[in-house]
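By letter and in written order, the chains are A, B, C and D; residue numbering begins at 1 in each of them.
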Amino acid sequence: MCAMPVRKEATLPLARYDKETLKFFYETMVKIRNFELTVEKFFFDGEIPGFVHLYIGEEATATGVMANLRKTDYIQSTHRGHGHTIAKGADLKHMMAELFGKSTGSCKGKGGSMHIADFSVGMLGANGIVGGGFTMATGAALAQKMQKTDGVAVAFFGDGASNRGTFHEAANMAAAWKLPVIFLCENNQWASTTPYRTTTSVDDIADRAQGYGMPGVIVDGNDVFAVYEAAKELIERARRGEGPAILECKTYRIKGHFVGDPEMYRTKEEVQKVLEETDPIPRFEAKVLKAKAMTKKELETIRTRVEKELAEALEFARTSPEPEVSALYEGLYV
Amino acid sequence: MKTITFSQATLEAMQEEMARDERVFVMGEDIARQGGIFGQFKGLPAQFGTGRIMDTPISETAIVGACIGAALAGMRPVADMHFADFAGVCFDEIYNQMAKIYYMFGGQKPVSMVLRAPDGLVNQAAAQHSQSLEAFFCHIPGLKVVIPSNPADAKGLLKAAIRDDNPVIYFEHKALFSMKGEVPEEEYVTPIGKAKVVREGKDVTLVSYSMTMNLAVKAADMLEKEGISVELIDLRTISPIDKETILNSVAKTSRLAIAHEAVKQGGVGAEISAIVAEEAIDCLDAPIVRVGAPFTPVPFARPLEQAYRITPDKIAAAVRGMM
Amino acid sequence: MCAMPVRKEATLPLARYDKETLKFFYETMVKIRNFELTVEKFFFDGEIPGFVHLYIGEEATATGVMANLRKTDYIQSTHRGHGHTIAKGADLKHMMAELFGKSTGSCKGKGGSMHIADFSVGMLGANGIVGGGFTMATGAALAQKMQKTDGVAVAFFGDGASNRGTFHEAANMAAAWKLPVIFLCENNQWASTTPYRTTTSVDDIADRAQGYGMPGVIVDGNDVFAVYEAAKELIERARRGEGPAILECKTYRIKGHFVGDPEMYRTKEEVQKVLEETDPIPRFEAKVLKAKAMTKKELETIRTRVEKELAEALEFARTSPEPEVSALYEGLYV
Amino acid sequence: MKTITFSQATLEAMQEEMARDERVFVMGEDIARQGGIFGQFKGLPAQFGTGRIMDTPISETAIVGACIGAALAGMRPVADMHFADFAGVCFDEIYNQMAKIYYMFGGQKPVSMVLRAPDGLVNQAAAQHSQSLEAFFCHIPGLKVVIPSNPADAKGLLKAAIRDDNPVIYFEHKALFSMKGEVPEEEYVTPIGKAKVVREGKDVTLVSYSMTMNLAVKAADMLEKEGISVELIDLRTISPIDKETILNSVAKTSRLAIAHEAVKQGGVGAEISAIVAEEAIDCLDAPIVRVGAPFTPVPFARPLEQAYRITPDKIAAAVRGMM
């Protein structure tokens, strides 16, 4: 068996998208973008500590995928997890409070950015261990199969993470057992300071799907429609019990690897150029306005709503109390 | 009471818990078709189906990782490590995920799973199939670690481990699987976190666990004949440690020895010793003595493996030296 | 890039093989076979302890590969390592003594069957950890590249081992860095009690080569000529600095997984049938006799020589002393 | 003497050893283009080329495995773990291969390599980027484990580690990289296996290492003012352990405290305590006290992380309690 990974574009006419979906796309992408910009500011202001990795520029990927998921579906995220968490429907207040290390955070301030998680919406955790999520998502998918639901699990991973052995073990197990898990590669061209092609032996991560007998699909990860449509097909396939797949979303890491990264390995111009050409949010706006699928007014209403929600989240986070020292000793065992 | 093997005792525990709770399932290498290398899964596939007793690829990181994920999604997995020696392959999953998820995510959901790890020396299996690695796991906050020495505890602790909402590492010594012992007819669980005073004594407290516990009993028999009265404690759980039972005993006997099969340096014996040196040194009338393996990999050749082994003689000699 | 793994047959006319190579083939295969039968006997007699995995039926693979290697090339072996060790040129006396746990063994009796090793011929060790050898072979290949030799390293692995994450990490690293390493799969259909296709998600392990941008070749692993020729091509390619490859040799594990295996997972008939159809030694004999490339006499001379060598090795092993207890404490550090 | 940072000290060690021996090379993630997350490889690619300072894929098992293989084939690799926390990913390679190959294969060839592992608490990096895991490695026969507390030892121990024919784990605390200290101008190595009496004292022996050693010095200063004379020992090597230096000191002071950043249960402090309880209990006038982290993952929030940390106050209080 030898199947080229398929490159897919968005083909559904905009008219076939219902308004709710379009609104979800826009609201989610704007929410992520603004959330991240806020986080960046408060990191530099010294109010948000720890390691923080921003999702700016990659919003279309989380959004397009998550538009296909239910609350009861699971995702495993990465160190760059804010976008996934927001798109999966987590409450911004508890998220922001977590990043500030407050007792009201979704992890009670014990996790922080690298360990953001919100099980109430099926978001099973960011991970400080690159490639830590593959096998756990596979297990969550196994559970759904055993429980006879048609739920799925999505393992997000970066181009760099694709070289972890966990990828291989999870992909093989999922394929051998036909588990409903999607391996969702966010190929943002960089793994920390390393251009991915220098340490990854193939041009497309999706090439690896063939080694497991599963479909491999490549899309423009900055086109929310393309991501949505490709993810839809693979997720529905998984729901039908037809097994796992790899979806590779080509995108770009606009910001430094972490907030504070001196970025000595690339030029500002390179990044600026990519941003201008690929920023998923203006692309979305232009497309829906041109097709008259949404109005300027509608977009603005969404932006205003997002700003309000974010302001509330920020206020909540900043005014929430830090955890009591006693919390250190609590919660190790059930 | 009935007399069954350690292997059968674990099998009964699995049968009872799988019948009681349909969320319980097992995955591991070569457990379904073969029934486990020590017969410890024999008959389970027929009873519960290969949907709940699953032969996996040779992918220990995926086995443990998938069990964690399944636990988070509401199942209660049991992972079989085949040989405890292979735990290094999935060690990141064990200490960075399994052990931390509950605390690090602020208590959103525990990782309710059991990792079964057959360990210890048997039949000259050499450096990579003979290890006793339990000390690693006792240094990892968030795990519970149990390690029975006989069929009754094997059953009771396995049942307790499966019912526990926290991740539990279950060490089962390979040389114990064929050991016979009395096991209650009626349903029971052995509480995690409680050591057992196996024999009361007044001159010295001898702490052990797993296979070595049985050697400690023999050593105590020898010492008894020489007029040394040994209080024997079977730890059964090595994390969290039942300090109280140990401290109470030492308060009585004023002497402490610890014996285990693992290498002495950095072993569980060090922690037990340090607890007593910290909390009860005034009680002590003698040095705290540890009996553990020399600081080398397990050698293959018979005379070397023999010399490497802990024996009743070595334990008895160590205790004698304290009197 | 999408390259089907290639299936290769032996194409070189027998006349093109020099006598030395043919003799090496036969002598090595017979040596392995007889060595293993001897080991089996002395295991059952209780003189050889520990875990012992026999290579019977797979002789053509180690032999065909090793005929292309120099003493200075490296191999990483598996738990089923006797065949590799013999074919790489190890002295049978020290090998046999090691299996008997004697002080004269190649590992001074500290290793045993699962840890047989003979660095003097570039055999860097059997391994009790399935999949442990991939990354070490990759490192040995890296060293050779850094040392500017044209040496290669071969990582032997089973169908079961192909599902270890180490396979993936090593394959990607080797391909990204174009290292002279051959990943040599002995697909003997079984991983312990498990038919490989039930836990491995592809029909051919060589399918996985595509995911690393390296060649994947499949041969009949019971045809020493086919193995030799395919290995030759890939090894020469690696020597030229063109990078790694996967060579999958289809073979069959004739004996139980380990000596003493009750083999309840398959029938004796199934095994007998395979043996009759594929045994590489009679196949070799028939082929060379038919082509008149070797005479009956020549074959017999070789068999006699092997028997003598083996008898000597056995005598050496049995009469050698066990290690002194003091050896336990020696040799932990240099 | 010159004053340089810990990071620079390790850089000098690398430069000197790479210049001296062309078999020495380094592989790790993001070390060439960026110079290492703590600047510890800065300038090396320019000096030695990216053929000897290699950026790897995110493949820790391959990094360590390849270093082992390269060592067996005659090189002297240095692997950078990026964060010590990731050692779990390649733990099998560490304890089943790297540590065992020399012994298990009867001494055919040592695995001459160094594994550099930046560890410890810094900047609220939370549960998976803050760990002190050194105790695991002290329980593994075949490894040497060094763990400097200052720039001079950082340089001398790294040079010694690279020259040592055995596999050496080199822990470097992340919070130390920016620490300045005096370093000899001339060439030197710091011997592996030798602890250092940093300050002589008569009332109590305080043993520590790594970052915590610097806190122990502060604690000793505080105690000195209160009239408690502290003998300070910097272990520097934690496997093999320099028993002699510890036992000599305890023979003099009759009191022993041990402080480290790792969790107390099963930590290196347990082994030190147990050695003394076994070999010198008669010298002791007080319980052996261990100061270590509470038994939890490292929490993120500032007040929790603060409470989790070992501080000079905590160490001083522990010692005070012994008098």
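Basically, a residue touches a chain if its C-beta (ideal position, glycine included) is under 8 Å from a C-beta of that chain, and two chains touch if they have at least 3 such contacts.
Just so it is clear, the structure is predicted and the values come from calculations on it, not from any experiment.
> Relative to chain A, which chain's C-alpha centre is the most remote?
Here the answer is chain C, farthest from chain A.
> Which one of B-C, A-B or C-D makes the same contacts as A-D, at least in over half of the residue pairs?
Matching pair: B-C.
> How big is the gap, in whole Å, between where the Cα atoms of chain B centre and where those of chain C centre?
Taking the average C-alpha coordinate of chain B and of chain C, the gap between them is 37 Å.
> Just give me the whole-number Å value for how far the CA centre of chain A lies from that of chain B.
So the centroids are 40 Å from each other.
> Where the centres are mean C-alpha positions, what is the separation of chain B from chain D, in Å?
The separation of the two C-alpha centroids amounts to 30 Å.
> Residues of chain B that touch two or more other chains: which are they?
Correct list: 56-57, 59, 61-62, 85-86, 89, 92-93, 96, 103-104, 126-128, 141-142, 295-297, 299.
> Chain A: which residues touch two or more other chains?
Residues 105, 107, 109-111, 115, 127-129, 163-166, 169, 172-173, 176, 198-200, 332.
> Show which residues of chain A lie in contact with chain C when the two form their complex.
Residue positions touching the partner: 1-4, 163-169, 171-173, 175-176, 198-203, 207-214.
> Over in the complex, which chain D residues touch chain A? Could you list them?
29-30, 33-34, 55-59, 61-62, 85-86, 89, 123-129, 294-297, 299-304, 307-308
> So in the complex, which bits of chain D are touching chain B?
85-89, 91-96, 99-100, 103-104, 126-128, 135-136, 138-139, 141-142, 239, 241, 262-263, 265-271, 273-274, 276-279, 281-282, 284, 286-290, 295-297, 299
> Please output the residues of chain B touching chain A within their complex, sorted ascending.
25, 51, 56-57, 59, 61-62, 64-75, 77, 92-93, 96-97, 101-110, 141-142, 144, 165-166
> Quick one: in the complex, what on chain A touches chain B?
Spelled out, the residues of chain A in touch with chain B are 74, 76, 105-111, 115, 117-120, 124-125, 127-129, 132, 134-144, 146-147, 153, 165-166, 169-170, 172-173, 176, 331-334.
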